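Which chain is which? They are A, B, C and D, in the order written, and residues in each are numbered from 1.
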Amino acid sequence: MTLEQLALENHGYSYAFLDEFAKRELRRRILKAIALPGYQVPYASRELPIARGWGTGGLQVTLSLVGPEDVVKVIDQGADDSVNAANLRRFITRVSDAASTTDATQATIIQSRHRIPEERLHEGQVLVLQVPDPEPMRSVEHDISRAREMHADADYGLLWLALYEQLVRYRRVTQGASYPVMVHKRYVMSPSPIPRWDTPKLHQAAHLTLLAAGREKRLYAVPPYTDVYPLEFTDVPFKVEDQRGWVCIRTGAQNKFMNEIPNEDGTSTHEMSDTGYIEKLLNAQPGDTYYDNNGNFYIRGYIRS
Amino acid sequence: MNKETHNGHTSIAERLSVLSQSSAHQVKALAESLLDDLGVIEVLENRTGLVMLPYTDSVQGITFNLGEVLIAEASVRLKDHDGVEGYGSCLGRDHVQALALALCDAALRAGIRADTITAFADARALELIAADQELLRQVETTRVNMETF
Amino acid sequence: MYVAARGGEGAIQNAEALYNDLKAPIDADVVRAIERTMPYLIDRVMGEGSLYAPELAALALAQTGGDLYEAVLILRAYRSTQPRLAYAEPVTTKMLFTVRRISAAFKDIPGGQVLGPTLDYSHRIFQLDVLDGKAAATATFTPDTPDAPEPVQPVAPREYPLVADWHRMAGLMAPLEKHADQDPSDVPDVTREPLLFPAPRAERLQSLSRADTGGILALGYANMRGYGAVHPTINELRLGYAEVQVRHPISGDLISLGRVRVSQAEIVTHFANSATGVFGANKEKRQNHKEELALGFAATMGWNEIKVIAAAMLDKAMDLPAPHPAHTEEFVLYHTDPVEASGFCIHYKLPHYVTFASGMDAMRGANQIAGDEGKSVSEQPEAELVAEAQE
Amino acid sequence: MRPTQTATEAASRATFLALMGALSRPGMIHSLPGDPQGDELRTFVAIGKALLDLETSYYTPEALLSRKLALTGAKGRNPAQAAYHFYPHLYAEDLTAIEQASVGDYLYPDRGATVMIGCRFGERAGQCMQLSGPGVLNQSPESRIQVSDVPLEFWRQRARRIHYPMGFDAYLIDGQKVIGLPRSTKVELEAVPCM
């Protein structure tokens, strides 16, 4: 027997990278977030071997949920194969032994940056959205302590005013992605920089959505079957992106969220942003989608425009 | 190690401190030479981890966390010697060095080859003190003569 | 025309391989050489990485080709995987094995001014002989002491009194408040609880300790140059070694694991209590309006004088009732974390075409309305519109 | 780097997932992992292991459970300070402790306590309740629950103490089964049994 033989093996890294203390803290905070839909829960936010701002908030949530039997889908801008999505998927599966898929309906956990899949998610699935800035009022109040007081007072006057000013100046609301929403009639929330096309998908959804900002150290949730409404004026309804007439060059599909790809002659080609859905359309039978082929949202009357 | 002996007695803790700061190579060799006399060894813990280093603000006197220090640590039990336990830790990530320290600690507590360990530790203590003295001698040469500052 | 279907995975792996290919390979000797020849660089990485592990800091630098932010990130991420085993005994300034200690406030101070290791008075001239292979750089210690013919024999003290204690004895500064013994696990910790404002002083000092040197310097310099109301003097600056002492779990005795390099600075300003608005942090407790010296403080792991001096000035500036925005606590502490700031900066390299498309849609919509009404929104500041429309 | 999950890690995660599922779908019964034949404190201990460590605190009137929860490193605290309350049986006299449970404040409502209550589900003598709020699908079977062994006064107390977003969150536990009642769930007592 030598000293080297006697020494215990030092394997260095925990299951799913984070140590148990970190996971327990995240889990405690996730439960509070679910109990307070749309409310930003502060959390410690561990450093991961991925740069801050590259999805470390979402990644921490995923790592606190994931187990070896999970099937994980990771997307960035709707694509499974974009470099950041590929890298995060490689990391998650490497540290957890979970399987991965590009099929939104087969995944148990979907981590996403900037998109919600076109196919309707179902009960039991968890959508983890990466959040660069959790504060919907950042543009009108940069002091986060003051913004927190405004949330406490449900004082969203400045935000309404900002939307109103856009109307006066441009005759329409010019907010693009990250369209602010009211959750369970209490908290205004940033849905993360998803396009307005995806915003309605959070309303009365069957799945659980967890949103996390690693750098800003806040996480929040939209439980299943919860009211989520975009801020809109009675006479100026909320509008999704107008992509009518755009046809996906790969599938011929219409009325799904498209990427616009510039051509050299100044025109544009269009392609669906959700690559998992493209794959399914080409090779299999896709499930129900949030918007039908005519662009109607599945909950009738929710989008008024 | 800068603590001088009290009344000529050096405690186990003081010797352990010296051992923790001795070269990994030497401590491992020492522990290796003890193995045959220690009987069955149960390694309870042997890992790397962090020690938070608190610091005291000299202005308001409050304590804050300066940062963490990487250490390796080990706990062992000597099954053939009434289950005497030993603990060792050192700066850095060498968990075998920590195990060697824990074995030295257990041996000292069980009174096994205590003379060997003590002699080793006392020799290292003198080396550490000498190194400190040399550094302080060098530092003294940088003292500013106030008339020329 | 398509976004590459399966190009992502291969490209990222090849990109990393190319990065490594464009620098020389590393081995244990290279890492050891970095650790031994660049202690100040190692200290900066460890201080900002918030982890004292010289060997790993050297490896991080070697692995990243010396990209400082990448090296700090590796160290920070490694922390997340390691359990916290214990809390060491709190280090106090008086216990520091001090090798450099100066004060700019007084010509002489109890214990004296000791320069220790420094390049402050060096002429910044290349040692070109090293490149020519003619001579090794001054590697051995040969004290140059013209006014002492014999080599100096006296030994410097290892510990020194505090300059601030002299201020207190002289009645120029409030006596140190007695703080009840605190369980180290109860000390607020920014790595365990998110920073909320106003931050407890412990969290402020911890944040400064792990802050980005460049960020702290920029904000500190803005303060020094004129945006701050503080006119500071360095009260005391120290470099030294702190002993890491932990409790032996069986005997309960303190054992020392060795020493780590630390640096600390105090800066001092006059009229802490005056009506000019320069108040000490515990202003509520000082109702007598006696004029006092006010001190700012900072410390960090490793020897990094620029950081602790600038941070100590910011510590003082953040106490002002209405400081410049760049010296408010929230602004300073949020914007000087090296991992967060650098990570967010480089995240802009990630694709943003969904948000950009959403913004384009809003702009086209607005343009169409304007076109219908006979004027183009393009005449409006377009960049502003897209910015508003994006995240 | 080989990811290996220890049995403890796996149990903690499974317990957490059950709690997360229960809180996401109030009224729906979720199953906690573990041995269904174990002692009656087992689920409370398992929840303690999944959620507690030295960074948080607990309160329980049950001495044996308190000793077991202390092993997690969490601080035993009085009802007003404890983040997690554990009541294997909720007696009328425990309501004074629940009365003190933190409901957080307007700035930080997440500081409200979490309360675990042992009870029985689906017994005919139980109190029938109609649930509504986030996670509750209107007209779904799980929107009505029947619970016994909880003092009636508790429900009135809960309604009185919760001023959304301030309030406490509750889990009802019957053996291996758990129902989550976040503060966002509105509970209406029904005069007649559910079944």
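By definition in this document, contacts are C-beta pairs under 8 Å (C-beta built on N, C-alpha and C of every residue); 3 or more make two chains touch, one makes a residue touch a chain.
The structure displayed is predicted, hence computed values, not measured ones.
Under the contact definition, chain B and chain C share the contacting chains A. The chain pair with more C-beta contacts between its two chains, of A-C and A-B, is A-C.
Taking each chain's centre as the average of its CA atoms, chain A and chain C sit 34 Å apart. Taking each chain's centre as the average of its CA atoms, chain B and chain D sit 48 Å apart. Each chain gets a centre from the mean of its Cα atoms; for chain A and chain B, those two points are 51 Å apart.
Separating the centre of chain A from that of chain D, both taken as means of CA atoms, is a distance of 29 Å. Residue positions of chain B touching 2 or more other chains: 47-48, 93. Annotation for chain A: residues 12-13, 21, 25, 42 touch two or more other chains.
Touching of two or more other chains is recorded for residues 79, 82-84, 191-192 of chain C.
Note for the complex: chain A touches chain B at residues 1-4, 6-8, 10, 12. Chain D meets chain A in the complex at residues 1-6, 9-10, 12-13, 16-17, 19-21, 23-25, 50-53, 55-56, 106-110, 112, 114, 133-137, 164-165, 169, 182-184. The touching residues of chain C, counted against chain B in their complex, run 46-47, 50-53, 55-56, 79, 82-93, 97, 99-100, 107-108, 112-117, 141, 143, 145, 147, 152-158, 162, 164, 176-179, 182, 184, 187-191, 201-203, 205-206, 209-210, 236, 242-244, 246, 248-251, 253-258, 260, 262, 264, 266, 281-282, 295-297, 299-301. Chain contact summary for the complex, chain A toward chain D: residues 11-13, 15-16, 20-21, 23-25, 27-37, 39, 41-42, 65, 67-68, 94-97, 123-124, 148-149, 152-153, 184, 186-187, 208, 223-227. Within the complex, the chain C residues that touch chain A are 1-9, 11-12, 73-74, 76-77, 79-84, 191-197, 330, 339-340, 342-347, 350-355, 357-366, 369-370, 373, 377, 380, 385, 388-391.
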